[in-house]
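Input: a single structure, listed below in structure tokens.
Labels for the chains are A, B and C, by order of writing; each one numbers its residues from 1.
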Amino acid sequence: MYRTMVLALGLTLGTGTIALADSPWTGGDNLPTSPLACDSSGGGGGAAAGNYDGGQPTGAPDLKGKPVKVVDVPKLIGIGYFNATSKGIADAAKELGNVDAKTDGPTQANIDQQITFIDNYITSGVNGILFSANDPVAIAPVLKKALSKGIHVVGYDANSQPDAREWFVNQAQFNGIGKAMVDDMAKEIGEDGAFAIVTSTFTTPNQARWISEMAAYQAKCHPKMKWLETVEAQEDNNLSFNQATTLINKYGDDLKGIFGMTSVATPASAEAVTQANKCGKIAVVGLATPNAMKPYVAKDCVKSVVLWNPVDLGYAAMYVLRAAIDGDLKPGATSVKAGKLGELQIINGSEVLLGAPTTFTKDNINDFDF
Amino acid sequence: MTLQALARPVPARSWRVVAESYGQELVILGALIVLFVGVGLYNPRFLSSTNLTSVFVGNAFIAIAAIGMSMVIISGNIDVSVGSLIGVLGTIAGTLAVNGYPIIVCWLVPILIGVVINAVVGVLVAYARIPSIVVTLGMLSILKGGLISATGGAWISNLPPEFMLAQFRLFGLPSSIYFMVILTVAAALWMRYSTFGRTIYAIGGNPEAARVTGIRIERSVVAVFAIHGMFAGIAAILFATQLQVIQSTVPPNLELTVITASVVGGVSILGGTGTVIGSTLAAILFAAIGSSLVFLNVSAYWLRAVQGLMILATVLADMARRRRI
Amino acid sequence: MTAALDRVLRHESILGLLLIATLAVLAGQSEAFFTADNLLNQGRLMAEVGLVTLPMTFVIITGGIDLSVGSIFGLCCILLGVFWQKVGMPLPVAMVAAILMGGVAGLGNGIIITRFKVPPLIATLATLALYRGLAEGIAQARSVRGYPDWFFQLGQYDFLGAPTQLWILIALFIAAAFVLGMTTFGRTIYAIGSNEVAARFSGLKVDRAKLVIYGTSGLISGLAAVIFVSRVSTTRSDMGTGLELDVITAVVLGGTSIFGGRGTIIGTGLGLILMQALKNGLALAGVKGDGTIVVIGAVLIAAILIGNLLSRNGDG
């Protein structure tokens, strides 16, 4: 059976060659980018109000001021980030007093399951749905079905196609995040440092957008910085850690910084840097929840963590949904009142902007608990 | 080793005999060497001590879980719930730790719970005669759902440093490596030379013959599952202490990785053959493959395809080897 | 044969009773459950899993298993998009081509199992990774969207009052039940499962039968994939992950023995409906996702346990 073994070996080498010949994956998508100005002005915002492009529910009952039931279906449950948005939603529901809000979702970032969850809640007769989409197009049919049954739909964190939801609460502009992350990295590793990226999977739209914007901004404003590699690590702690460690081992002293693109990848990368005794030699900049990063920031291993406040994000989403249910927020509005967050601006027709990204550092990280 | 092999008197150590009984292990060892040499030539940093350590440590907990899994498979059964079990036990360990229990309690209680849970599985398999794949398929869901319900999805952080077993170092090497090596060798010797070890092979190889020789199959099956639970518990502690936080969701496909490690390591799904050394080597091989693909700049898009092919190649090589004998 | 028939009927009847009991309880918990609208909708949602359970029943009856169905599903999703957009085939041709490629993938499984004698569990464990990897590699993280409206007829619209895919499911269900229960091929499948060596010596074309069922398993996974793409209007390389577990649970719940030799399509159908009813009914009753999977796991073990206890008491 040597033939078998030769066949097996040949197959492996064959695919290996295809794999090697393929162009390296950057992690970004192919959509157009719009990098911001290089100086310290122009953080977020600056986008026009635009024409309303969201979808509207048909035959929604008049529930102004009445108690309603809403459900929040995030990409997945069981990670710190969505635990935080869930908390924000719960806080807002409590403040509003007449909302019964529940968070339920798949244990894996899987669009098939997310659709089933939403479908079941449509049948069970909720009045409103909050979501963060695993896939903007795949989720559209079921959301449109919700709208057609008079259910209000508001998205946050990860958008769907605009006509499948009424409003989308955007945490920060993609290019704003790109700018914040790259500027922070440049500050730490210098204008000609080399960096690598640890991200989620190929198919996660938000991460792909951020990476594209980061690449565009870096090419424009920090052209001498060098991108080394992007690795995928799903939403798995262990895998992120292993991938980051492999990167550190592979590039040795050439690697000066790691970007963590998910709230799982960043602490895992920081842990990898710590365990490799490279604190201070390799910078870790990324998106993460403060609690996960406190040990590393305290040790000065990580200088800054970029994020918006996911608790605020969930909070705002809940207020927007309530306003939509009550009929207070109509197409064409240019701002919306979101409880203690004040007036939030509406841009691009149907996006509610939370604000500029927050940077957590040693000075302020202990003020937050999520 | 099949029952026939056990009945044959063991001949003097000739290479043929060793190759016969340890064929698959040698194939994997060969693959490892080829990999190290090949990738090392391409990028010498692959062979740096830090990287080699990472490769050996990376899948150490999988190797340990695979020891128990190999025993279960050798006995003719299977366990698809081991991933969820590790998640549950790890969370229990972490919860005990942050609530201030003595560290030895935090380490031993999850192992004990793993033994109990899997003993229940063993009872259902042996006495209620429910096929192991069915019981463990159900148990997978029960444990996974139970874990989310109990933790609400929250992560466990602020773990006390004394708890972090996987991060202790001895002579510069992380403790996981020692656990992996010692447990593998101990289990291998025990499987080969102890009565119970031979019993497991016998049950898997030919249950009817085993019963006729007086082996109490039901009790042995429960015992195998219980021991597997113990190994899962140890693996869970190492898994939980690798990083500063314990994720409350189970890594997807963990059970498939463990089963694949056993199977690629030469444990036959038909029962009765294979060793735990093979499964440990296979687990190390997977970590090495994962790392080497990054070093070789294999496009991330094709990573899983190459991994799948390597598994297939190893399996085909194993089949080819068996046919020759 | 009568004794076996009795045993089989007993499990299906127990399952039938369990199903009725479950439906009654769930209907009591939520008024939205037992409406035509909801039931038809569930029929739509379970079509993909349901289709794949049909060939899986055949596979498990022969004592084998196919863990790669989810990966073949994902691969066919991607291929549909690639054939249509990149290769430029007209959409109907692309659909057929994608389904056929699923069959090819399934045949690949069959060849590894029959020609190279790799046990099905291991073979399909390897192809699970391989086919998923191929899907990822071919897709290059790009989704294919923008299908013409008639394409969505398959997944999103109705035909004569019921979801289109439900009709397809019912048609294939009847066909599968017929083949398994009333043709020589079906008897061959049972024979292989009961005693493969004896079947071989009896002159039955065991290898060919296996190639057929594994190939069909891939083919139907491809069909389910096309329906799914029509339902969600896009393609992703991670579609179908975890499908195999749902399918195997439904088949085993339906009374098909994992050791082979026993099982019916009707049983599989009952198992499928029971599982879907639980998933839907519990959600409507207010149970969250985690609670639902715990219940399904417990029901699986309990159903087999009860079946075993009763059959042991009933048999001589």
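Please note the rule applied: contacts are C-beta pairs under 8 Å (C-beta built on N, C-alpha and C of every residue); 3 or more make two chains touch, one makes a residue touch a chain.
Computed from a predicted model, the values in this text were never measured in an experiment.
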Distance-maximising chain from subunit C - centres being C-alpha averages: A
Contact-richer chain pair (by C-beta pairs counted) among A-C and B-C: B-C
Chain centre separation in whole Å, for subunit C relative to subunit A (CA means): 34
Centroid spacing, where centroids are CA-atom means, of subunit B and subunit C in whole angstrom: 29
Where subunit A touches two or more other chains, by residue: 4, 18-19, 22, 25, 77, 107-108, 202
Junction residues of subunit C - those touching two or more other chains: 116, 136-137, 139-141, 241, 288-290
Set of subunit B residues in contact with two or more other chains: 144, 148, 252, 299, 301-303, 305-306, 309, 312, 316, 319, 323
Partner subunit C, residues of subunit B touching it in the complex: 78, 124, 128-131, 133-135, 137-142, 144-149, 252, 256, 259-260, 263, 268-270, 299, 301-309, 311-312, 315-316, 319, 323
Complex contact set, residues of subunit C against subunit B: 112, 116-119, 121-123, 125-134, 136-137, 139-141, 241, 245, 248-249, 252, 257-259, 288-301, 304-305, 308-309, 312
Touching residues on subunit C, where the partner in the complex is subunit A: 30, 32, 37-38, 41, 45, 116, 136-137, 139-143, 145, 156, 228, 231-234, 236-242, 279-280, 283-284, 286, 288-290
Contact footprint of subunit B on subunit A as seen in their complex: 1-2, 4-5, 7-9, 11-12, 15-16, 18-20, 22-25, 76-80, 82-83, 107-108, 202, 229-232, 234-239, 241-243, 245-252, 264, 267-268, 271, 275-276, 291-292, 295
Parts of subunit B lying in touch with subunit A, wherever the complex brings them together: 43, 45-46, 48, 50-51, 54, 58, 144, 148, 151-155, 157, 167, 239, 242-245, 247-252, 287, 290-291, 294-303, 305-306, 309-310, 312-313, 316-317, 319-321, 323-324
